[in-house]
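Could you have a look at this structure, given as structure tokens, before my questions?
Chain naming follows the written order as A, B, C, D and E, and within any one chain the residues start at number 1.
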Amino acid sequence: MARVGVVDTTFARVDMGSIAVDELKRNIAATVVRCTVPGVKDLPVAAKKLLEEEDCDMVMALGMPGMEEIDKICAHEASTGLIQAQLMTNKHIIEVFVHMDEAETEKELYQLTENRIRSHAHNVINLLLYPERLVKDAGMGKRQGYRDEGPIRQ
Amino acid sequence: MARVGVVDTTFARVDMGSIAVDELKRNIAATVVRCTVPGVKDLPVAAKKLLEEEDCDMVMALGMPGMEEIDKICAHEASTGLIQAQLMTNKHIIEVFVHMDEAETEKELYQLTENRIRSHAHNVINLLLYPERLVKDAGMGKRQGYRDEGPIRQ
Amino acid sequence: MARVGVVDTTFARVDMGSIAVDELKRNIAATVVRCTVPGVKDLPVAAKKLLEEEDCDMVMALGMPGMEEIDKICAHEASTGLIQAQLMTNKHIIEVFVHMDEAETEKELYQLTENRIRSHAHNVINLLLYPERLVKDAGMGKRQGYRDEGPIRQ
Amino acid sequence: MARVGVVDTTFARVDMGSIAVDELKRNIAATVVRCTVPGVKDLPVAAKKLLEEEDCDMVMALGMPGMEEIDKICAHEASTGLIQAQLMTNKHIIEVFVHMDEAETEKELYQLTENRIRSHAHNVINLLLYPERLVKDAGMGKRQGYRDEGPIRQ
Amino acid sequence: MARVGVVDTTFARVDMGSIAVDELKRNIAATVVRCTVPGVKDLPVAAKKLLEEEDCDMVMALGMPGMEEIDKICAHEASTGLIQAQLMTNKHIIEVFVHMDEAETEKELYQLTENRIRSHAHNVINLLLYPERLVKDAGMGKRQGYRDEGPIRQ
């Protein structure tokens, strides 16, 4: 049975991890290992520990960077670290970041967050179990949390 | 027989992988291993897995970053990771990124994308089989997808 | 007994390390190993040495970047290095940076610094001993040094 | 006999590699191994392969980034990778980049390029064979391709 | 006896290495190994070679980035590499950079450079031999080359 790690933050304003676990559990019979860290910069090592010490096959790294310039830099540092962690383990970490300035209202932000997480959970499932589905979707302008942009034609 | 990996994204609005496979297959008798990931930040580990787990000799990493500032940052993170992956494997990964703001119309964007991929497929072929052709083109102001700028003279 | 490393700087204008040691000692029976380096760019290797040579289980890396553009870049370089150090050791380093332009007066800056350090000391304790408490706080909009933003609802 | 690697690009508008080979050959009895890659982002792994697979003692990595913002980012990514490659091999890679916006006319750009390459070829020779000459030039405000700025006095 | 490496550049306009060697020699009985490289981007591998091949315990990496935007980027790349080199060796490299735009006149620039180097030489000595002195100075707002800012009080 596949093992999927889920790590989120106490900084986020939505319990992102629970949504991820819910979507994964609804759709596949995987063991899900969850943990939570303070902020997005703590995600890379937490994800790597899930992959190496908890023997996960893949990890979802969930975060909600704030609106300030410094938050953008933190997100960049976290993303860089998440890519490094993947290269060190040869396993995918699917980053699901929702920036707090992506929505006008809290309600919209919640909805965007939920949609993006559920959508990326299916990316995880496909990468793990149905990689051919992703190949079929290549170039389809998929967006997670927003409406797909769709493909452009010749 | 050479093994070439091709990895593209579902985020892109053109099926970039199919164009790459087509151009490679038309020109060399290589085994092409293809996969697709959600976005450009997933390319580095996917490329590294193709090199190490699928035993590819070289990889084309294809992506189409969006128009927003955040997309530029994602592309930068992806490129940094692709360079790291190469240094960890001592194998080339040819990055083929087309930025969505490089063209005015969807039609132009499609054409630019196709041209750049086909052009870079020949770079892959040359790196693999005919490195001396690249030396002959050193300093020739080659551009992939645009008209070559050509060399400047003394 | 847990071993926690604490490293701070002579550049900072508050004796951050002493506050961290105080908060840790008040709350858990851990061995605390402390050292001090000149500036934030010296923190990554110092933290890594605490983890590897002093056998610490976790490290708090404390710094106070200045107000100039160059200070922001230094902080970014330090943060990047701290993430790398974590990935190389599979152990958490909790970064506690207070930017000198986060407060209007010296008094406020001192208070913010103290609050943030004490708050992050509890993150360290939870990561070490009570990880389930962090899961319970997932998505609660926790802030260290400022008032929590709290969760947003559906 | 020393082995020096030279790698340049087809993107550049000057055959930079040939100038480097010429200057090296005029001045030392070294074996020069040359290759060419498409663009500056392909230089790091090519340089590392010259150091590790072709057993070079040092490498000159030659590139000519374009004028656009994206070209500056590519150059930054390439430089970061070249530094990483050096740290992974404990050998020097001398980066010789000429930015296309450093000169007003094509003629000036050609001259600047040639001067900088020839000047850096001597840095390579000195690092390899006469490191004491570099110590003698410490703090002399040397510039490659422009007039030296010279030292400032107390 | 401690071994300290000193590496500086021919790009700088002050013979930074000689000042560092002088200050170290005046204060401790250490073996000092000196070398010089062309520019700041050559410092990381040179420092790592001093640590690994010359068996130094610590290194001072001295540079003087220019005033242009490109020089700031070079300094950032160099700093990132210096941090990486430290993480790969578990040894400190004390970076001493003086930006050419930090002073109004050449005379002031010289004085700032000399002060900063001598001041950082004492950081090296303390890190090597008297780490408890640095702990005593934690949070004291130390500045190298400028007047200390001093601590702020509650």
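Quick notes on this structure:
The working rule: contacts are C-beta pairs under 8 Å (C-beta built on N, C-alpha and C of every residue); 3 or more make two chains touch, one makes a residue touch a chain.
Since the model is a prediction, treat every value here as computed from it, not as a measurement.
Considering the contact criterion stated above, no chain is in touch with subunit B and with subunit D alike.
Taking each chain's centre as the mean of its C-alpha atoms, subunit C lies 25 Å from subunit E.
Taking the mean of the C-alpha atoms as each chain's centre, subunit A and subunit E sit 40 Å apart.
Under the contact definition stated at the top, the residues of subunit A that touch 2 or more other chains are 80, 84.
Contacts between chains close into a ring here, every chain touching precisely two others.
Order of chains round the ring, from subunit A towards subunit B, by the touch criterion defined above: A, B, D, E, C. Residues 72, 76, 79-80, 82-84, 86-87, 90-95, 99, 120, 123, 127, 131, 134-135, 137-144, 149-154 of subunit B touch subunit D in their complex.
Interface of subunit E with subunit D (complex): residues 8-18, 34-38, 41-42, 44-46, 48-49, 52-53, 70, 73-74, 77-78, 80-81, 84-85, 88, 106-107, 109-111, 114.
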